[in-house]
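Working notes, structure below.
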Amino acid sequence: MQSPQMMGYDRAITVFSPQGRLYQVEYAREAVKKGTVSLGVVYQDGVVLAADKNITEELMIPESIEKIYQVDEHVGAATSGLVADGRRIVDRARVMTQSHRLTYDEPMGVDTLTKDICDYQQLHTQIAGTRPFGTALLIAGVDGEPHLFETDPSGSFWEYKATAIGENSDKVKAHFAKHYKEAMNLDQAIDLALKALQKGTEDHFSEKSIELAYITKDRKFVKLKGADLKKQIQKSTGKK
Amino acid sequence: MQSPQMMGYDRAITVFSPQGRLYQVEYAREAVKKGTVSLGVVYQDGVVLAADKNITEELMIPESIEKIYQVDEHVGAATSGLVADGRRIVDRARVMTQSHRLTYDEPMGVDTLTKDICDYQQLHTQIAGTRPFGTALLIAGVDGEPHLFETDPSGSFWEYKATAIGENSDKVKAHFAKHYKEAMNLDQAIDLALKALQKGTEDHFSEKSIELAYITKDRKFVKLKGADLKKQIQKSTGKK
Amino acid sequence: MQSPQMMGYDRAITVFSPQGRLYQVEYAREAVKKGTVSLGVVYQDGVVLAADKNITEELMIPESIEKIYQVDEHVGAATSGLVADGRRIVDRARVMTQSHRLTYDEPMGVDTLTKDICDYQQLHTQIAGTRPFGTALLIAGVDGEPHLFETDPSGSFWEYKATAIGENSDKVKAHFAKHYKEAMNLDQAIDLALKALQKGTEDHFSEKSIELAYITKDRKFVKLKGADLKKQIQKSTGKK
Amino acid sequence: MQSPQMMGYDRAITVFSPQGRLYQVEYAREAVKKGTVSLGVVYQDGVVLAADKNITEELMIPESIEKIYQVDEHVGAATSGLVADGRRIVDRARVMTQSHRLTYDEPMGVDTLTKDICDYQQLHTQIAGTRPFGTALLIAGVDGEPHLFETDPSGSFWEYKATAIGENSDKVKAHFAKHYKEAMNLDQAIDLALKALQKGTEDHFSEKSIELAYITKDRKFVKLKGADLKKQIQKSTGKK
Amino acid sequence: MQSPQMMGYDRAITVFSPQGRLYQVEYAREAVKKGTVSLGVVYQDGVVLAADKNITEELMIPESIEKIYQVDEHVGAATSGLVADGRRIVDRARVMTQSHRLTYDEPMGVDTLTKDICDYQQLHTQIAGTRPFGTALLIAGVDGEPHLFETDPSGSFWEYKATAIGENSDKVKAHFAKHYKEAMNLDQAIDLALKALQKGTEDHFSEKSIELAYITKDRKFVKLKGADLKKQIQKSTGKK
Amino acid sequence: MQSPQMMGYDRAITVFSPQGRLYQVEYAREAVKKGTVSLGVVYQDGVVLAADKNITEELMIPESIEKIYQVDEHVGAATSGLVADGRRIVDRARVMTQSHRLTYDEPMGVDTLTKDICDYQQLHTQIAGTRPFGTALLIAGVDGEPHLFETDPSGSFWEYKATAIGENSDKVKAHFAKHYKEAMNLDQAIDLALKALQKGTEDHFSEKSIELAYITKDRKFVKLKGADLKKQIQKSTGKK
Amino acid sequence: MQSPQMMGYDRAITVFSPQGRLYQVEYAREAVKKGTVSLGVVYQDGVVLAADKNITEELMIPESIEKIYQVDEHVGAATSGLVADGRRIVDRARVMTQSHRLTYDEPMGVDTLTKDICDYQQLHTQIAGTRPFGTALLIAGVDGEPHLFETDPSGSFWEYKATAIGENSDKVKAHFAKHYKEAMNLDQAIDLALKALQKGTEDHFSEKSIELAYITKDRKFVKLKGADLKKQIQKSTGKK
């Protein structure tokens, strides 16, 4: 039998292959795998997100590259894959959470938000006139208890205690499998996140080239920056 | 004669082959077959649904993967195939049943609901601009008497006393053919469901990797979880 | 000259071949031929419809497979071909007859209904963005006198005294050609229908795997079920 | 040079070939040629239409196949080609004439009606999203004086004293060329029509397999049926 | 280099070839060239139009074939090419001139009308979803002074003292080049038109197979018919 | 590597080639190059436009071919390329300038008009469903000071002191490069324009086959015609 | 494996390749690389933009080619790539900033503007019916502190202290890497910009062929022209 490339099943939008596969969705996942790694860790009271931004140019302003976004007071998201695709989904997520607050006068549940985002992504795999989104998300939030969801271009999602998306995510997940513990506090979680992130990152590793944020018990999104982040990196990885 | 792949009948949407076949619908059925197994069993007063979630990652939260959904107070559904496609149909089913309650002030009949869902699926096999849904559903409910319907991507449906969809569904159905009895009570039905589910499941089989729900005579959807589910599994399969 | 498959005339929608043929419509007829047989017989005061449902699975509920539908009080329809396509046309027919009653305060003529259904099918052979329906119908009704129409995917229709659609319909029609008589009563018509149906059915033949309905002089649609149907089958075919 | 089939000019809708031809329109004319013959004859005060219905099945009701339609009180039409396509155009013609009566309070001129029908057919040869109609029409009517128009799938029309469309129309027209006379009365015109029709018809020729209608001086459409038609056939052709 | 047919530049609508050509427009011009010839001659006070209708069938009513149309009181048009395409443009021209009279309470200028018709034709060479019109027009009128415009499928136009379109138009134009004189009166212009038309016509040439019309100084469109036309033909060509 | 023709990058609308080129736009430029030459010259107080109309037929009315159009009182435009495309853009320009006068009660700036026309052309290179315009324009006007802009099918524009578009425009531009002087008066500018135009014109060169217009200091568009133009041609080129 | 050109992944809009790449976006980047270089430099209180216009024709008015645009009082933009594409995005940016002033009564943040422009560009890489923009932008502005953003056809953006886009941008960036200093004043920044621009420009380098603008601490956009620009060029590069 010929390869799927030869047969043309992989070039059309919204068409099944004889094996029941949607190649455009699988190729979108390749776009995710080419993005630098992002990860999330649930701890006792909240969730930590960390991401590698892969900054190599001296004159670039590191803060201008964002892979971890605040979505609402109590929710954050980290993306891997096509940057502009990810930004568009995050924008939509922000509208969803604001609209939820206006309608119900209370913050949106993290699981409900994740489901709505994934429905939006699914539509882009079935309706003609658009390609799938080339991005995956980690959606982290605290709505009573901490939650960490992973989404993918097909519109599927899974909840994790700790997971990673993007390039080398398998190495990061392997690290989690060995070292994750249930009842960590924030410091322990940040330490684990940074050590794991190092597994998925090539050479550079500094407060300039990575991002770290967490959502706390009292439902606040906090981004660690500059000297604070630098200190944490030194503590966890010995890097200066 | 050349194979259908060579001739191109299988790549276009909404086009018949010379044999009168719709290949995109047949390929969507392949997507169903790649999904892990789901099953349903009608007993004296109600219906039992069970599904294999195939959870292998340690840090994943099992509850975040849903294959059995409550649709209305008296109706549940189990899916096999593309997860996000299934979720979208279930959402639509929920709107249908709510809208029925609002319009007629009574719960929707299980057969009517099934027909409406299937009409929605049929449209996706005839109208341009979309692919068929890559998912099958078991729709279970009690509206006076218990009902268990199976739908498929073409928009066909069948009512069963006991049936299964997804990978290895033939093994599960073979088990039913031998062991199904008309006048079972809930306990017997759960026992049969779990034993049958085991036939369609590879290695893992625990309260984490399977789901079980039933709809009772008094039209209530109940999901069995945690310790309760674990006890049942031990009872039926000897697994701990 | 090359085969039509080679030339590509048969893959495009709404395009003529050099011979003036519409291949998609002809392929839709193949889908009809793959469906199990349905038949109709006009008798003195009404019409009898019968259909083979080809039920082989033990645990399937035979009633859930419908090939003969009540359309209005005085009209029924039997389909062969893609089940979900047939159901959608029947739904449309029901809306047509109800809407006719509301507008004109009298039941719709069987010929008018047939024409409107066929116009709907014709549109699906000419307008882009949809495939033809893969289904044929027998439309039977009494509006003063009994009528039996056959439709096909092109939107053509013909009125018959007795006819059949689907797999082996030629064998059934051959039986009618030999044994049909003008002035039969209901019993004789049912007897002829069952004997003819047997010609188009493989092995199984029971009250579970076939459907039988008739529309009477007083314009009522009646479906024969269970013990009553079983008795008739025994009487006509000797089967138990 | 390669054949047009090889070059692909004949498969696209609304595209010219290098020779300035529209192949889809020419193929639609082939569909007309495959239809059984219809003809028209103008006499002193009116027009006669006749058509071969090619009925071979014993149990079919001949009246259910219509090739000659009443369009308005003073206008009739005969079609050859795809039956369902012809019916749709006739429906449109009926709406045109009714709408004309409502707007202007007088019957529509036969030439105006013909032109409007042809504009409708022309649109289907130029606009994307539809194929041409696979049907030709003879439009016959009396609006002061008798008229007989022939239309074709391109939207062209011609007025004739006597003409024919469909299979073997050349044989029928050859008969007219020899035997047509200007000042015939109704009886002579019917006689000519039946004798000519026989030239375009294979074996069968009876009151069941043909249709005959005429529009008279006083602008009334009359269809000859049953015994009356049988007598005429016997008189003109000697057939019983 | 391969021929344009091989390269596919000539099959797509609204696409340039590497040489900057629009093949569909050029092919539409071929459709014009296949139409029988039409011509126009400007004389002192008005314009004469003449056209060959190529009628060969005895029983056809010659008047039913129209190639010269009255557009408004003071404007006429002759077409060559696809008959139904030409009729649609003429219809549009009639709406344009009526609408102009209603808006400005004066007849539309012949140049303005020509420009508006050509804009309509140009749109059909640039916008997707339609083919170009396969017709050219001669637009003749008197709005103070006489005008004769020729249009083509691209939407270009040119004003002439005498010109021709369609098959053999080169022969007719060659006759004009030799024999046209500035200060002719109506009789001389008709004589020139008929002699020139004969150059572009095969065998037949009678009052039945040609059309002749003129627009006079006092802005009236006149069509010459029957005996009058026959007399003119005899006078100019010696034919009886 | 294969040629772009082989690879198909040049046939699709709105698609980049691997080299970042838009072939349809480049082919549209070829259509411009096939048009006869048009030129413009800025002088002290205004701008001169001249164009070759390439008239060879004796009976054609030269004035009916327009390549230089008045757009507004103070603006003119000359086109090269597809005539009907150019006319459509000029029509749009006229609406733009009139609408500007109505909205702001002052004439539109020549640069603003040029930009708006170019935005309209750019849209036709990016949006599906249309081909680019096969025309370039010289837009000349006086809005305080004289301006001469050149546009091309991509929607780019440049301001010049003197330039040319169409066939042989390089020869004309070479003439300008040698002979253009800053402080010319109207007579000198017309003289330069005519001498330059002769460089881009084959044989014929008379008041019939060329057009000449200028926009003066007091913002008036003037077209030179008949005897006046003939005298100028004689003076500048020695031709009679 | 075959090249992507062979496989066709690079010709379709909005389709992923098996490697998760969007070729149309990558080809649009090639269009950017073919444009002449543009650059930006952040200094103590503001930002400097400079661009090469590559003017070689004597009679062209240099000011008519714009590569640096004022977007709002406090924001400017420089483009590289397809000129008309760039102009359209700048127009949109102007509407965005004006609309922001009207809605919020304060100038738009430079980062917000950049994000909104990039969202607009991203849409053109995902939705059918359009190609991506073939242009990159440098967006420079002062909103409290100075900002310099670079955007690309995918809709990604990065903030820089100094960067360049278009042909030879790597040489310019290499110059920045060596010579950029944090605390420059305006004069030093202009000097650096001009020296760097020279690295990306072939032969010509004068006040006619380049553009230079800066946005100052007090949020004003200033374009350096004529003699002033000439003096700066002499000072920085020694060119006269």
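Note that the chains are named A, B, C, D, E, F and G in the order they appear, and that numbering of residues resets to 1 at the start of each chain.
By our rule, contacts are C-beta pairs under 8 Å (C-beta built on N, C-alpha and C of every residue); 3 or more make two chains touch, one makes a residue touch a chain.
Here the structure is a predicted model, which means the values were calculated and not measured.
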item: Graph separation of subunit B and subunit F (steps between touching chains); value: 3
item: Distance from subunit C to subunit A - Cα centre to Cα centre, in angstrom; value: 55
item: Mean-CA-position distance for subunit D and subunit C (Å); value: 31
item: Approximate Å spacing (C-alpha centroids) for the pair subunit A, subunit D; value: 69
item: Where subunit F touches two or more other chains at once, by residue number; value: 128-129
item: Ring walk, subunit E to subunit F and onward; value: E, F, G, A, B, C, D
item: Touch list for subunit E against partner subunit D, complex; value: 5, 10-11, 13, 23-24, 27-34, 57-61, 63-65, 81-85, 87-88, 91, 124, 128-134
item: Subunit G residues within the subunit A interface of the complex; value: 2, 7-9, 12, 14-22, 111, 115, 118-119, 121-122, 125-129, 149, 154-163, 173, 176-177, 180
